[in-house]
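Naming follows writing order (A, B, C, D and E), and every chain is counted from residue 1.
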Amino acid sequence: MVGTPVLFIAIPLMAAFLMPLLGMIWKELVRIVPGLVLTYLLILAINLLDHVLVHGPIIEVIAGWVPPIGINLVFNAFSGFLVTLMIFLGLLVWAYSYRFKRNVDYEPALKYFLMLMMLITGSVGIVLTGDIFNMFVFIEITSISAYGLTAFYKGRNSAEASFKYVMMGSIASTFLLLAIMIIYSQLGTLNMADIARKIHLMNPTLKIVSYIFFVTALGIEAEIFPLNGWAPDAYAEAPGPVGAAFAGIVVKAAVYAIIRYTYTIFDLSGSFNFLILIGMITLIIAETAAIRQEKLKRMLAYSSIGQMGLVLVAFGFGTKEGVFAALFLMLNHAITKSLLFFSGSYLVYNSTEKNITEVNGMSKYLPITSLLFAIGAFAIVGLPPFAGFWSKLSVMTAAADSNMILIMVLVLMVSVIELVYYLRVVNRIYFFKKEENTQPQKPTVNALVVMLILGAAILLIGFYPDAVTGILHKASATLVDKGQYIHNVLSLK
Amino acid sequence: MKKLLVIFLLATLGYYTAVTFFDIGFGQPHFVKGVSPVKDIYLAKTQSPLTVSNAVTSIVVNFRGFDTLGEVTVLFLAVTVLGSVLYKNRHEVGKRSVFFSASSIVTSGSKLLFPAIILLGAYVFIHGHLSPGGGFQGGVIIATGFLLMLLAYENYSVSHTALSVVESLAGITFAGVGLLGFMHGGTFLQNFLPTGVMNNLFSGGIIPIIYIAVGFKVGAELTGVIYTVLHEKGESNG
Amino acid sequence: MEMIHIIFLVFLGGAVLTYFAGKISKVLQDILFLLSVLVPASLFFTYVKIADSVTLPLGGIKLSWGLNHFSWLFSLIVLGLGSMAAIYAVGYMKGRERKGYFYFNFILSIMAMMGILLSLDLISFFIFWEIMTWSSYLMTVYSGNDIQRIGIKYFVFSAIGAYAMLMAIVMVHHMTGSFMIGSMINFYPNMSLSMQIWIPVLFLMALGVKAAMMPLHVWAPDAYSNAPMAYTAVFSGALSKMGVYGMVIVLVTMINQIPQGVWFREVIAWLGGITAVLGTLWAIKQDDAKKLLAYSSVAQLGYIITGIAIGTELGMLAGLFLAVMHALFKGTLFMVTGAVEKQTGTTNFTEVTGLIRKMPWTFFAALFAIIALAGIPPLGGFVGKWMLYEALITSNHYLLVIVIFFSSTAAFLYCYKFLFGFFLGQEEKEWAHVKEAPATMVVPMVLMAVMMFVLGTFPGIILKPINSGLVDLGYIDTFKHLWNSSVILNVWGDNVILQPILYYIIAIFVFFVVFLT
Amino acid sequence: MIYFILIAILFLLMIASSVYAVIQKDLLYAVMATGIISLILSILYFLLQAPDVALTEAAIGVALTTIIFVITIRNTVRMEDESDKKEKFKSAVK
Amino acid sequence: MDSTYFHFLDYAVYGTAVLVMLIGFYGAMVKKSLLKIVIGLSVIDSGLNLLIVAIGYYKGGTAPIFSPGFLEHFKSVSKMVDPVPQALVLTAIVIGFGVTAVALALVIRLYRHHGTLNIDEIKNLKW
């Protein structure tokens, strides 16, 4: 073993506190240090994941108090997989935004990278923690960084988008605290495993109320339908790489939280159907909204919301296959949507409006970026031989195994809509004449490398899905096995 | 129409929240039968291994110290975000908004009060493990002291560099103590100092150290918040 | 590493290499392109034997590919037409922009079609099906003005079909626990009735889209006419046959197994008939050669669908024979149109006339193809249509015979229009400078014209593989008993007594045409 | 009994000031009302045996939050601009 | 402290807290002024914090501080109120302050751009 899960939190925090000091020594350090930290964490995550897949989960206790007294971090195959994915994406986002929009000078750069690092740390914390109040704290860390990143540009709309996000976020934290307190007042504990063990003792009405509060609160972060008002604006107004970070990291963490509550903590029988219902509504509404968008990033945002709906539907099957499919979807969505955001923000780099019409004919000027965008678009609609196909196939297989024919039909119908709006953009990039007032911008070398890595990942998974399915199978088995989780956490002495 | 909808929504929400909390009950033990709440363990452990007088402090700093680390980070981030949101290029920085032209009584009074307030704040966070109060409260009190000075003196300014150095050092102390505990005992934030005698100033192991760091950090951060917001003179349209 | 793997790898690697070779040298790109189509084709016909099969475990699923007689027949169409079109494309694409893009998608299309034919499991079938869809889509939107509408129409139809197929696939997987086509077929009789109906219907939706069956044909005319002609030859000639290929399998292995299948076949046969009539009528109205041929393709596919939907041995034989012939003559016609387009810059009949002396070889190919299309002896089209009539009559579909007959009579109108419009009529000054197309374009056209003649004269050459393919599917060997009962096969299949007379007729016809000019 | 009345008055005052904070058009007064809410909260926390929280609420809620609000109001506008489009139309007609 | 008072409190604390929360919600959702929305959010926080602290209260309990002589006097800790909600509220208050500060900064920036706080006039994005 090379380290413990607590380093995922401690190291970035330490670095964050250090960064203002380091900046005084050499200004470039504030750009370099987050990359070093994330690289280290990625190595750590891969090592730990490797260890966990062989030796079983690592339960890290904090301050020497075993659960349920103290806070604990759980690094098992499921959370470990997500953490690795998040840190990998975080590293790519860092590399991509290293010299993104050169006009950023020292002060904003310091703040940008600080917030970015905290965004990743907060999301990782959400996934790792085994304590519901601690999760609340991490959600707040993530949200505040997200508010700041959304309002990062000086343009007139970014503050508005961010304010909307703050409003929704505050309401989310209110609900979250209420739910936490309802549970605490009944069970006298805040540890997830302990709660899961005792939840059957709880009054069913209170249980349902607290579950609904939880899902409402986390649904705001996870962009579930009636609560996703903030998302398109935040995606559209935030800097391009941040959109990728939202889609790939923050939302994943929130979905993880919902899933943890549904699968492990609560034992409500109807909650799976509830997940399918809200997921389906989210999927349909978001995809029909996406087709009407005129701005590229808003379209991507709605598509991201729709994909999260699909992930929830897949989780809602409640079977191991469903979880596998959902995890596969999350993985592919993280990779692909990041690629789309990355390449998309170069396609509309110099435009103020970021309209879809402004990508017209960009393939002549930005051949590689355009190609990667096209690959991403093909992958996300699930065309073989790209990565998205396998996840779509696994979702369909899981649905068929759960006898959910109607869900299958709806999901496939929505996929056709998705296909239409992505193809429209790809057509514009390749087959339309360039608009006169658009100025293509060559991507920087590091951005290009990042995009190529993601494109290669899409192709790799597309041609050789076995590269990831092994981990996904183990992770899904870990999530479904609730008793093992409780035992692992509470048997510590 | 919208108002009606909102009222309906709120009525539903209010009803369910109220019913839920009336179910829980007030002032009597509300835990489900058969569970042993963690608070009993907290109260017991607060006395014997930790020797901390203030149970809230022991929870905030030790049992749930990780939360506090996160909380400090939230404040740190809030300052960062504030700076980022209100960031202006050098030539844009406006004059500080002036509330009132302070009379000499106010200015000299503030000057007198300022050290006292700082002292009070320091006292509060140093005695965080013995009496009510602690890092947060002490930090806030210190920040109010600076606020007073900023309001009273038009030209009073706090060195931004100094603030961020204090902030960073305090933060590093917190995380560093945690990592020391990790190296010493194998878990993050583990106590590695002798705990001392209950109700002594030097008791509670690492708790006072952390709380002092938190106090400095919160003080610096909140001062930073006030400073940033104060220097935001909006070009009002009349 | 088995030969089938190597073939796919050569296709794939060739596609990528060809794409990037354009950065180095245009000639290298052309050579690489030809190599990456012709080398796998020759490898396939020399090294891959019937009943070879290979597997490839992927994503927890065992993908398996293998060859049988039936898929060999279609491989013949795909690789034969594909090679011809590839040679043609080198000339056609000379001087055009984005050659790499064209070649890449061309090779991928061929690979995907081969993949479909070789697939023994549903997943690889679906994967190749989708690759085929998007590569042909990318060709459809290669040029033209209205691509947003045309391309999306094509893709949406394909996607609806493909997703219907995906549903069927996962439902089959749910019931049988396996993705193998064989196990699906074996399990089919044990399914519940609703599944027995739904599974074929869902499959037929996907296949019907590609085969441009009546309610699902909407995309076809636009897509066929909008793609570059060098590709449309493959698109209409081979790619649409993938739908036919799947339909035959679904019809034979599933629908024929259940009593309700009669109604299915009836409906599909009628859909085919209606497609044929309407396609012909639409084609007559067109002024643009591309559009005309596109609608004519839809109509011809209607014949094929009718033939295979009848389901008797003779009907199958007719449908498959027509499929082969259609690949040949429609491929040739699209190539001709492409040649005319390249030399004159337009494909509108009202603008281009009298090219017969300027482009004699092209005219020769067009003439043969048109004769075959119209169903005039001695070229292949006649044999196919005759067999189709026979099949319809022997299975008591008298009304359908009338419909089909009406359609093929009406087809003369547009056949004439095509021939007359481009090649006959007044020679205008405007086109005085027009020259014959380059050799790389002429040679494939002429070769295919000759092929048509050969097959029309000796239909037995192609009927034998069709027959063994049908035997693979479970039909009894038709070689002996059926061929005896059919007049035309009796005469032309075995001995060639009537041959000189027919040549005479054709010579008179040609003379007549030439005289007219 | 005196406690009863005191507590009741505190509760009523809290609700009243929250209503006032929401409906008052003059934002400065509204902010003062939130300050009063925090003050009452602080007292209630003491009564609920939570001195730590009371201290925090007094410092953060009463002092800091209010000050920041006030600074913000000084930097922006003091009165809530509730003028609907209708009213604007009216004034335009006049 | 007599019992009537606590019976009254049984309902009044929760009732007041929930009512304050709802009033805050109403302000945040209906009001047009950005500052009013932020005020509403902070009112919500106040109500919520009261609610949480009230959960931890036990009748006749003492503050969770082991002042000198506490154990001699009470013998056991069961007379203490629950310290956990208090610790949580401590965290929640600080976090709430951070969020409020961020929201106010955004208000200032919106005002800088638009010269107004009215939501109807700021709406550039679809709400």
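Descriptive notes on the structure:
Assume a residue touches a chain if its C-beta (ideal position, glycine included) is under 8 Å from a C-beta of that chain, and two chains touch if they have at least 3 such contacts.
Note that the structure is predicted; figures quoted are calculated from it, not measured.
Annotation of chain B and chain D: jointly contacted by E, touch as defined at the top. Contacts with chain A and chain C are shared by no chain at all. Seen from the Cα centre of chain A, the chain whose own Cα centre is farthest off is C. The most central chain, judged by C-alpha centres against the centre of all protein C-alpha atoms, is A. Of all chains, the one whose mean C-alpha position sits at the greatest distance from that of chain B is C. Rounded to a whole number, the gap between the C-alpha centres of chain C and chain D is 78 angstrom.
Separating the CA-averaged centres of chain B and chain E is a span of 16 Å. One simple way to say how far apart two chains are is to compare their mean CA positions; for chain A and chain E this gives 30 Å.
Within chain D, contacts with two or more other chains are made by residues 50-53, 56, 60, 64, 68, 72, 75-77.
Within chain A, residues 133, 137, 140, 144, 147-148, 151, 159, 162, 178, 185, 190 each touch two or more of the remaining chains.
In this structure, the chains touch in the following pairs: A-B, A-C, A-E, B-D, B-E, D-E. Note for the complex: chain E touches chain B at residues 6, 9-11, 13-15, 18-19, 21-22, 25-26, 29-30, 51, 54-55, 57-59, 63-68, 71, 77, 80, 82-84, 86-87, 90-91, 94-95, 97-99, 101-102, 104-106, 108-109, 111-112, 115. Across the complex, chain E is touched by residues 1, 3-4, 7-8, 11, 14-15, 18-19, 21-22, 27, 30-31, 34, 37-38, 41, 44-45, 48-53, 56-57, 60-61, 64-65, 68-69, 72-73, 75-77, 80-85 of chain D. Touching chain D in their complex are the following residues of chain E: 1-2, 4-5, 8-9, 12-13, 16, 19-20, 23-24, 26-27, 31-33, 35-36, 38-40, 42-43, 46-47, 49-50, 53-54, 56-57, 61-65, 81, 86, 89-90, 93-94, 97, 100-101, 104, 107-108, 111, 116-118, 120. Residue ranges of chain A in contact with chain E, taken from their complex: 133, 137, 140, 143-144, 147-148, 151, 156-157, 159-164, 166-167, 169-171, 173-174, 177-178, 180-181, 184-185, 190, 229, 232-233, 236-237. Across the complex, chain B is touched by residues 50-56, 59-60, 63-64, 67-68, 71-72, 74-77 of chain D.
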